[in-house]
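Scrolling down, you'll hit the structures one after another.
You will see two complexes here that share chain A, one where it goes with chain B and one where it goes with chain C.
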Partner chain A sequence: MSAADDISTILSSGIRLTVPLAFAACGEYLAERAGTMNISLEAMMLGAAFGSVATASATGSATTGLVAGVLIGLLIGFVHGNLAHRLEVNTFVVGLVLNALVLGLTSFLITISSFDSHQVSQVSVPWLRDIPLIGHPLFVERWPVYLLILVIPLTWWLVERSRWGLELRAVGEQPQAADVTGIHVNLRRRQALLWCGALAGLGGAYLAVGEVGSFNQNMTAGRGYIVIAAVIFGAWRLGRTLLGCVLFGLADAMRLALPALGLTLNSQLLVVAPYLLALLAMLVFATRNREPKALGQPFVRGST
Partner chain B sequence: MTDDERARELTPPSAPALRLRGISKRYGPVVASDNVDLDVHHGEIHGLLGENGAGKSTLMKILLGLVQRDSGTIMRGETPVDVHNPQAAVALGIGMVHQHFSLIDALTVWENVILGDTGKIDRAAACRQVEEVSRRYGLPIDPTARVDRLSAGERQRVELIKCLRRDPSVLILDEPTSVLTQAESAELFTVLRHVVRAENRAVILISHKLAEITAATDRVTVLRKGKVVFHSETSATTPPELARQMVGRDVSLRAEGAALGMLPVDGAPAPADPGTGTGTDAAAPGTAPALRLRDLTVTIDGVAVLSDLSLDVAPGEIVGLYGVEGNGQSTLGDLLSGLVLPTSGTVELAGRPVELDRPGALHRAGLGIIPEDRHSSGVVLDMSVAENLVMKSIGDVSGRGFISRRRMHAIARRLAAEFNIVTPSMDTPVRSLSGGNQQRVVLARELSAGPGVLIAAQPTHGLDVGAIEDMYQRLRDAASGGVAVLLISTELEEVMALASRIAVISSGRITGVLSTGEATAERLGMLVGGVAA
Partner chain C sequence: MTASSAAVPSGTGRRLLRHLNPGPYGWQTTAATVLALLVALALSSALIAITGGSPAASVQALFQGSMADWTAWTSTLLYMAPLLLVAVGACVSARSGLFNIGQEGQVLIGALAAAWVGLRLAITGPVLLVVMLAAAALAAGAWAGLSSLMYRLRGVNVVVSTMLMTFVAQQVVAYAVNMPWLLQESRVGNAPVSPQSNPLPPSGLLGSFGEYPDLQINGGLILAVVAAVLVAVAITRTPWGFRLTMLGRNPLAAKHAGVRVNALGGAALAISGALAGLAGAVLLASPVGVNRLQPGIAMNIGWDGLLVALVARNRPLAAMPVALLFGVLRSGGGFLAATGVPSFLVDVVKALLVLAFVAPPVVVALVRRRRSSDRTAGSRREATPVAEEAIA
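Then we have the complex of A and B:
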């Protein structure tokens, strides 16, 4: 194998590992701009991964599985939104409980059931795939990857250019002022969580029926948390957030590739490496002063 | 003049724009609004006067759909209407400029102005509208500026533009001048007069400042404890009459007069009462300052919030630091609470520099502080009166790591008696005390440590007249007992009533220090506006 092939392979797997994170990151970014620290991102991804595999196995269609994953993400977003932004339960507690619940539930369900393997089909773009080095990694992918080309600019547009996004930002910055202006603060926050749930669900489902074709216990392995970290250290800017995801994806790919390249390292240490690297890199770029001012704070009318 | 405007002018001035009948609202046992009737007419500025907690804000929140009334009717003209949320209020043509602005700092001017509208965003059109409204009313503003970069006066303009763009027939302003300089207040009232006279809108002006009400309004309604107690044409009443109605008894005390804005601020103020300890003689020349601030600079996010601020306070002297809100006073208060470190400069207490980066250093060096925001840094609301009182002297009530409840209660009872703290018991959470009593808890704790310096930051904010009077007397007593008092206040009357010297702060700088004798409203106004006098 040539060095170019090695690089191409690492890029290729790096991109595949980045895609689920990127979907979830678009969701989490929007939710946080609206003021929700959505810890249950992990639950959304893991639940969707399980749901997509189960549905794909039952229906025989990986695409149906993908849709089911999105629906499960939406459901968790709905539950989180109503608990946190209607019943005023602490958002962090809601997130932790949902994460523990989904992890336990999926771990149990996978031991009592067996699923057929299904994967969504691959699309390879003519001409472009022949570009040396990056052609294969970028243009021979499972089809949901190409949804990102839509989702990223759409998320940006929604937040920065649409009226809905303007109101989301207002709600994330100064909910009392937004309320006085006539914006339904908690409704906007619930809506943001639905968007987040749908995208995190898509990311989780892609991981399962896109990449792997099956579900295993704790399949997301903290990727939800990595995405949350990426949003924070990306200083609530979409570009930087996605960059953080790419970084983690590539580091993860390196971990998988190193043994194949003949480098042997302590395998436990290798598993930790991408998380550590992502953390370090993001720390370097950390700026806090762009944080939505009301991030993580519940809104109750009349309390100032 | 357009046909529309002419038509409005022909409307008899007596047509009520808004009519409230029997509005009541209770919060648990507290009656915030008690059977209130109010008529507001087109073409008039209607003053709504009352002390803090008299129910002015609740009434307006009901009008805006932010709070639901328990009973009563709201009528636009002759039609009863239902205002169940803020959108409904906008649809009815009721707009409000809020006391603590409703602007989002992180957004631009035009984004803030269109917030709450519906439909597609059109940036160019929004900017055009902002410019148009700003030209029509003489409120210059850059539509693309971010709001957190604007001064308080400019923010007020944005609020007004935001309201006026929606063409409200009733415009409500809640304590609009509390953060404005005199020039900015004058500009505001010019706009309001235009809005009322030329455009025949109705304006409700909420205030607790008598001078403002008398100068700017056509009619006035006084609220006390949620009830309408007085109603008159402004020209047919006098400030003392209004003050009496507002407080519910004759106002004779100097402190109360000051609290209500009755001091003749444009003339030379009366000399300080003898024996109150506020006279300049207490700070005889040559006395070493108890508090010395030297070249304090604080830079936050690249913005100099305080720049080269220097000030001395001698023992037994009350120095007033006067300025419009948001000119660095809060940062100075935070700095003297040990919450913010200066970028450069020193704080000396009794001639010795304090190591500000060590927690509690200021307290140990003999500095007591009544913080501006007593709920967040003055008391712990959910802890008991006793616990709050001994909080800074835990060593006195504990041994071997245990707190002696007996000793704690003994100290608390003594302080409560000495400072007239009215509380059901020493174990009552501070949250359930009135604002005045909460403030007495803070004052008792700070003075019981025997400080050489007392910082009082907005010490009478949100207190009723009785509590204000009490606070004034305590501060005077502290000063005559030899404590150096730095009074940070945005109320001119308060500073005039208490201080022997007045330092004026503007944009984080001291623009001048005047003795109370030489301080006139004009000179102070210039200094507040940043012009050295």
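Then we have the complex of A and C:
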């Protein structure tokens, strides 16, 4: 195998590992800009992965499964939003519990049921797929991948250009001030979590019915946490967050390809890279005021 | 929230109602918690029934695996010890207002340090066990202390950094057991080596106490109970505990009152890490088991111990029965599979239990605040301790 083939293989596996992260990252980015440190992202992805496979098996259509995954993500976002931003239960506690609940529930259900394998269809873009090196990895993919072309600009537009996004950012930076100007702080945070749930659901469902075609126990294996690391690494900017996703996806692909390539790079180092980079980014960016000021803080009217 | 002037009880009725409301942890919270518990149990039973199992048989299996005889009790108590240690640590940091969720990683680091001392230092006799435990506490305390340092120096969110450090710890342990020069087991003949350490020497194992036939009280449990009582006394009966609680309730007021915020907060996080590290050492040196450092040694004890503290609402003494309950679920879970119900059921039950204990007090406090601010209609706002609600 030539070096070009190796690079092409790693690239295509890296892209496939990046796509679920990228979907979820768009959601988590928006939720964090609104002030929710959403650690139930893992639950959203895992629940959606399970739901999509179960639905695809029941209906025989992988696309229906994908939609079901989005709905499950929405449901978990709805539950998180209402517990944390209506009933005022600590958001981290809610996240921990939801993660434990979904992990337990999906493991429970997959043990007693079996599903048929379904996968969404592949799209191959004529002409472009013939570009050497990057043609095949980028332009022969399962079709949901191309939803990213829609989702990324939409997320950017929502946050940076829409009135709703302006209010979201206000809610994430200065909830008390936002409240005084008449913005319903907790409503905006709940809405942000719904967007986050839908996209994390899409990411999880893509992982299940897009790439693998089946579900196994703890399928997402911490991808939700990697996405959180990516948002931190990206210093709460969409572009850099996605760059982080690509970087972490490629690191994962490298780790998988190491034995085949005969390289002796430390695989633990590649696994740990996202978390170390996120910690490093937090240390570096701490003084640059990039973090939404009210991130992770509950909003209670009348308290400061 | 709408300002309502109607629907507010007045006169004698109102005074009577006020009498029936004895503070935020009063009967309303108890009633709501009982209700939530019933809902959680109903949901769990429904899950079993829908998937074709029998709830009664599941309860029986859980009982058989955890409490039916002394052997079952021994296994339950074996799980209870590390859970309680982790939970007591979580209480300390939560009391100081810092929410440490990295116990799973701190457990691993503790086990790593204990394994290194046990296998690489030429210490013999009972001193070894003491040094192992001390090393585990120190290493995991320092590991948690790193998060505190990042918070004090650069303002890095403690929840996020402790969470990320957990994943770092997992890889550190994976690295250690894959490197022959560090802790990987030594090769015997031509047998393939696994990613695990050698077994600990016998002098590095925690003993069992109790002369009753079959019932063994493991040394870790005694350590955990002592830690729980000590921490409970320290929190409720000493000036240190008072300062800690003050810091957790209102950091600014604590600072103005002369509390050394950085030192005290850092110490609280380090103590919580140290106790989780002790749990790691207890897992490693447990009287039953493989006594080798393996990447999966923490077995989610860190995450579960955190849930124990949440259910116990950050009170170390309350954590004892809760840790026992979680130990029951763990050791009974193994017996579930025989009834056709996957053992993962206990994870669902645990998560529902936590919700049933965490949500009611917050909701009751919220409803009360809404009512009182409706009643005063903007003229007087009742100051509510936010920090207390923020964490459970």
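To be clear about the criterion, the second predicted complex is superposed on the first by the 277 of 304 C-alpha atoms of A that agree within 3 Å, B and C clash if a C-alpha of one lies under 4 Å from a C-alpha of the other, contacts with A are read in each partner's own complex, and residues count from 1 in each chain.
Here, contacts are C-beta pairs under 8 Å (C-beta built on N, C-alpha and C of every residue); 3 or more make two chains touch, one makes a residue touch a chain.
These numbers were taken from a predicted model, which means no experiment stands behind them.
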Superposition-derived comparison: chain B or chain C, residues of chain A touched: C
First, second, both or neither for A:78, with chain B first and chain C second: neither
A:268 touches, of chain B and chain C: first, second, both or neither? second
Touched partner set for A:162, first chain B, second chain C, both or neither: first
Touched partner set for A:170, first chain B, second chain C, both or neither: first
Touching partner for A:143 - first (chain B), second (chain C), both, neither: neither
Touched partner set for A:296, first chain B, second chain C, both or neither: second
Overlap of chain C and chain B interfaces on chain A (superposed complexes): 301-302
Touching residues on chain A, where the partner in the complex is chain B: 161-163, 166-167, 169-170, 173-174, 177-183, 289, 292-293, 301-302, 304
List of chain C residues in touch with chain A within their complex: 1, 47, 51-52, 99, 101, 150, 154-157, 159-161, 163-165, 167-168, 171-172, 174-175, 178, 303, 306-307, 310, 340, 342, 344-348, 350-352, 354-355, 358-359, 362-363, 366, 373, 381, 384, 386, 389-392
Contact set on chain B toward chain A in their complex: 64, 66-67, 85-87, 90, 96, 98, 100-107, 111, 114-121, 301
Residues on chain A engaged by chain C in the complex (per definition of touch): 37, 39, 83, 87-90, 92-93, 96-98, 100-101, 103-105, 107-109, 111-112, 222, 225, 228-229, 232, 266, 268-269, 271-272, 275-276, 278-279, 282-283, 286-287, 291, 295-296, 298, 300-303
